[in-house]
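Alright, structures below, take your time with them.
Two complexes come next, and they have one chain in common, chain A, joined by chain B in the first and chain C in the second.
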Partner chain A sequence: MAPATTLEAPPEGAVAPPGAIRKRRKPQLAGWAYAAPTALFVLIFFIVPILLVGQMSISDWGLFAGNRGINAPENFTKVIDDRLFWPAVWFTLKYTVVTTVILLGLALGLAMLVQEASRWTGFLRTSFLVPSALGLASASLLFYALYSPQSTPLKFLGIDSFLGTPSAALWSTVALIVWRFAGFYMLLLLVGLQGISGDVYEAARLDGAGRWQTFRYVTLPLLRSSIALCTILCVTGSMLAFDQFYILTKGGPDNSTITIVQLVYNMAFFGQNNLGKAAALSILVLVALLVVNVLQFRGLRDKES
Partner chain B sequence: MSWIKTPQHVLAGGLALIFLFPLAWAAVASVSPQGGTAQTDGWGFGNYVTLANYQAGIGQYLINSIVVSTLTVAVTLGVSLLGGYAFAMFTFPGRNALFLVTLAILMVPYATLLIPLYVLLNQLGLQNSLIGLSLVLAMFQLPFAVFMMRISFEAIPAELREAALIDGCGSFRALRHILVPAVKPGLITVGLFAFLAAWNDFITPLVLISDSDKAPLPLAVANMRQQVMGIVDFGATEAGVVVLALPCVLLFLALQRHYVRGFMSGALKG
Partner chain C sequence: MRTRIARGYRRAVATIAALGLVATMAACGSSDDDTNSASAAVTAEGTDDGSELTLWTRAPLELQAKALVDAYNKSHKNQVKLTIVPNDDYVAKVGAAAGSGDLPDLFAADIVYVPNWTKAGLFSDMTERIKLLPYADKINQGHIKAGTFDGKEYVLPFVLDLSVMFWNKALYKEAGLDPEKGPATLDEYKAHALAIQKLNKKDTYGTYFGGNCGGCGVFTWFPMVWASGEEVMDAEGTKSLLDGPAAQKVYSTFRELQDAGAIAPAAKDDTGATWVAAFQEGKIGVMPYPATLLPTAAKTVDVGVAPIPGVSAGSGSTFLGGDGIGISKDSKLSDQSWNFLAWLTSEAAQVDVLAANNSTVARTDLADNQYSAKDPRVVTVNQVAASPQSKTPFAINFQQAFNAPGSPWVTLFRNQVYGDAGALAADNTAVSGVLGQ
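Let's turn to the complex of A and B:
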């Protein structure tokens, strides 16, 4: 982030004007006054909840019963022993890998297709982007109707059931997510593509590089930071998937599509009513997310050097 | 070169149709005749009538959504305008720490925050309330909003900023009369994204709102599917999707430029 030019030390500061002392104090106070609402919000709705979730994770804390004292580390052992824990971890990882690979591959293809500016590509960009305007829940409801045997217009595809078997449910959800997010990632990659100067392509052409070689040795390396941003966003989003599975599959069939965040929700509000256990699992999710993102950042930095 | 492009055109056009198809289908299906819905023969708005009469009535859910969206946008704009101004134009102790902590909200999953917020809002007397819901949604918007407003203020030419403050204007008058007009594009982007997030959010009201009359629209339409003895009225669901999607698509088409801007300055939340 660029360091902010501040008004605390005006350029004429060397020849201190009469009001300098007063002026130097005031910006600090004023600065705090303007930042106060942000600070208050962050404190009440972010810092306090983070501390509270830590306390809840080591307490016997029921949804209705409330806090019944410390019981560490019972919540964590109960979470790991939960019969749905490992299946949910495995499914979430599988879903994350599948979604990220397909989504970024397609988004890159779309970005290359609409790279040049013209009326036609303008229309294409808008078409690919419109689904990104919908909320994820709205998109999931739309596909819920699209996939139902009663109302589906997709009978010609010859698919018996879009959500009936575990693998059908996974792929149907991936299709929904690809539809909803491909335009969004296309746009991010397009920004990267447009940052590549035409001279580089010209040089590649003069060196006799073919289209594939240009793509592989010029475009991809220069696009690395955009691809990295997309990967981090996509992995994070997929690891925390909830809406699409809650609406489309409800975790079924046979609990085969339960994600980690769904498990958090179920532990807290659905059946078990155990906020302590849900807090413990949500802390594990937070830690996993931090570790994955640190690893991604480090991997990308190593490649860069 | 152009003859090479013909298959590419066909491919791209086909893809565009595939992307547009689900939305077009939902709009058409919601008014077309279909067994098991309110619209069994002939075309018409029977499904919308079902939707209008569902439980508290779609009017109530629309009002809930509008209240939550308006409050979220207002709070997000107010807090991030002042916060962005503070971070960009003043130095004060704790400035960098506060900015980093605000951005750190992004690193924490919604679920991890919603579990304690459910308890905390109970203690604050904001449980099951649209105000509590709006404040939480505004908090989720803060990292993007404060970041966006900070870079908007920093992009103002230094001469204008200094002139505004040195001219004997107090810093608040400088903000109101000179600087707010200069950061208007940033405000529109922040407002647009806050609106879309509040209008579309699902998991936050699912956790924080237990009274079905207070459900915002996405939650109400999702709940509607589980009604009527397990038989789902897909016509009403399609109509609900159209009502949910229409404002978003219209806003998108009208403000595409701001969308792109928002996406580019570090798009959030996959």
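Let's turn to the complex of A and C:
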């Protein structure tokens, strides 16, 4: 193959005017070729599935029965009429707000705590970060054992039931998520904190700023992009919450902890076996996430400019 | 040089693209409809020619499935390859395989889901073959009926799982109850549970139930209604009758037990993951329990066994649960698969494998065998399986109405035991609403 190509190459270059144009085009083509493998993966593993989900969402598509033709917009109206839809939306929003506020507040506190070099810093950083090394499903199983009345070592806390009432189930799950993710967000914020130059703090001190003033007018503004990144990650993650509730509560007690993604799963595999309806809900979640992310990015950009 | 590299890349890219296209096309599944070339001669034994068969089942039946497959593989040229799937993932896995035409040759299904799956066409018709079995009318009729759709039979019983009343004989003795006599009515059940509770032993309770588990409620409470001579649904499985007098008596029994503190507190949150555990630890007096777990429970507790009672004394009832098994629509080895199923219902499998492992046999003519003779409790279980009040409920939307987490049935019985008992009419309508979809 190779010799043939080398033989072919010179004549092309010899023909002057068209060759010049071709030469300019070739790097372009090469550029496309470099990007092609990635583009292909994006196409196969992202675009095609999304199109497939889009098609499912407008079709009468049962788990066992397969595609039985287009029925738009029946799936969407069915989703919105589902008796668990609005409770699930409400619960997901509540959970997202609670988790984001607690998680970011705590992560910021931890980051400030371990920022200064002291003899305990290494130990503290490690112990905060270790839970992040555990998969979310494994962490949920661990907490399932902690919360189960049959195996809990936490009886001394005097709590009757960790998962028995709607609010207990919510807070028990939030505790798991905070434990699992605080270290990760601490790490992100720590990177931001260490990016702030010491000179700025020195200047603030010389100007007579107190601890609170330094934090409020120096640290927070300079940390804005890190905090924004954490918020986007945390909000997106919380809106897509599934594993922890699937393992800890199965949506109970009395359907009080069903999140949107759980509802997607239930529609597809638990009883209704309706992939069309599940796909319609997935599309709605996708749209909601896009809107939220666009708003967050816009807010971030405004602040930077 | 540069062009050479570029061309090389282009070629590579083109190849990758072509491969990708082929892969996508393959994944989209060219639905080659090979309607299992109905072989000319359908025989009672099927074919044993050394083929490899695949079989899927869910994890709770692992013990029985392994014993059956091992025994079959030892005595036949065909070899069955068993795949065990976690209980909660089973429907999703079967659904995905059904969509892409990759179902195994044989697969088992929770018998209450079978009507839905036969309707979706996941199994091949076995009507003719089943007729050829000399003992066809002796096979458990609850399972056969659940596997019949439009007059065609698709499913045979794989493993029977029955619900019966278990009690802890040691605790009965302590509480001054007759350790050889279980509850014969719902009122006796309540009285026994309260008597155990009165012992005031630490961490020991009168009774237990899966308080947040739809499947457990179906399995243990439906028989109480049947034993009282009532039904839980209409014959088509489209309307709920769970607001009848017998059902109400069941709810009030559990509500009164709850109010008296005789139900273990853990029951309220139990999603079915651990509802059998406390009894095995000897901490529960009396409760409806899966008969398949008799060998396990008997290791740690001196267990008494009785049919599940109704409002008034009678022959009692049980839930004819467990898994049915059929040949999948995608199997290309239906004669070989039938060989396994024919063997499965034979005496060799039913008595020498299932009964020998203390499982219930799926044939009425084999209820008395050399293994059950050794343990009168097994005879009790086999007898109640044949009782006319023992049933397998039939409904197309069974999973959605009853078993799914957060189903309207879970809402109904939780309200009856823990919440607003006045919501029965509305809750029952909600169950009917899902059944009738």
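We take it that the second predicted complex is superposed on the first by the 262 of 305 C-alpha atoms of A that agree within 3 Å, B and C clash if a C-alpha of one lies under 4 Å from a C-alpha of the other, contacts with A are read in each partner's own complex, and residues count from 1 in each chain.
Definition applied: a residue touches a chain if its C-beta (ideal position, glycine included) is under 8 Å from a C-beta of that chain, and two chains touch if they have at least 3 such contacts.
On a predicted model such as this, the values are computed, not experimentally measured, just so you know.
**Q** Quick check on the superposed pair: does A:Val97 touch chain B, chain C, both, or neither? Answer first, second, both or neither.
**A** Touch partners of A:Val97: none, neither chain B nor chain C.
**Q** Just checking: does A:Ser148 make contact with chain B only, chain C only, both, or neither of them? Give me first, second, both or neither.
**A** Both partners, chain B and chain C.
**Q** Thinking of the overlay built on chain A, is A:Ala30 touched by chain B (first), by chain C (second), by both, or by neither?
**A** Both: A:Ala30 reaches chain B and chain C.
**Q** Comparing chain B against chain C, which has contacts with more of the residues in chain A?
**A** Answer, by number of touched residues of chain A: B.
**Q** Looking at A:Ile80, would you say it contacts chain B, chain C, both, or neither? Reply first, second, both or neither.
**A** A:Ile80: touches no partner chain.
**Q** Quick one: is A:Asn255 in contact with chain B, with chain C, with both, or with neither? Answer first, second, both or neither.
**A** second
**Q** Is A:Leu290 in contact with chain B, with chain C, with both, or with neither (first, second, both, neither)?
**A** first
**Q** According to the stated criteria, A:Thr38 is in contact with first (chain B), second (chain C), both, or neither; which is it?
**A** Once the two structures are laid over each other on A, A:Thr38 reaches chain B alone.
**Q** Looking at the overlay, what does A:Phe64 touch: chain B (first), chain C (second), both, or neither?
**A** second
**Q** Identify the partner contact of A:Phe269: answer first if only chain B is touched, second if only chain C is, both if each is, neither if none is.
**A** both
**Q** Show me the chain A residues, by the header's touch rule, that chain B contacts in one structure and chain C contacts in the other.
**A** Overlap of chain B and chain C footprints on chain A: residues 2, 5-6, 29-30, 33-34, 36-37, 48, 148, 150, 268-269.
**Q** Which residues of chain A touch chain B in their complex?
**A** 2, 4-8, 10, 27-39, 41-42, 45-50, 52-53, 56, 61, 110, 113-114, 120, 123-124, 126-138, 141-146, 148, 150-151, 153, 179, 181-184, 187-188, 191, 233-238, 240, 242-243, 246-247, 261, 264-265, 268-269, 275, 278-279, 282-283, 285-286, 289-290, 293
**Q** Which stretch or stretches of chain B touch chain A in the complex?
**A** Touching chain A: residues 8-9, 11-13, 15-17, 19-20, 22-23, 25-26, 29, 34-36, 78-80, 82-83, 85-93, 95, 98, 101-102, 104-105, 107-113, 115-120, 135-136, 138-139, 142, 146, 150, 154, 158, 161-162, 165-166, 171, 196, 199-203, 206-207, 218-219, 221-222, 225, 232, 234-235, 237-238, 240-241, 244-245, 248-249, 251-253, 256, 259-260, 263-264, 267-270 of chain B.
**Q** Which bits of chain C are touching chain A when the two form their complex?
**A** Touch residues, chain C against chain A: 2-7, 9-10, 13, 16-17, 20, 23-24, 91-92, 94-95, 98-99, 116-117, 120-122, 212, 265-266, 268-269, 271, 274, 277-278, 397, 399-401, 403-407, 410-411, 414, 419, 430.
**Q** Show me the residue ranges of chain A that touch chain C in the complex, using the header's touch definition.
**A** Those in contact with chain C are residues 2, 5-6, 9, 12, 26, 29-30, 33-34, 36-37, 40, 43-44, 48, 62-66, 83-84, 148-150, 160-161, 163-164, 249-255, 258, 266, 268-273.
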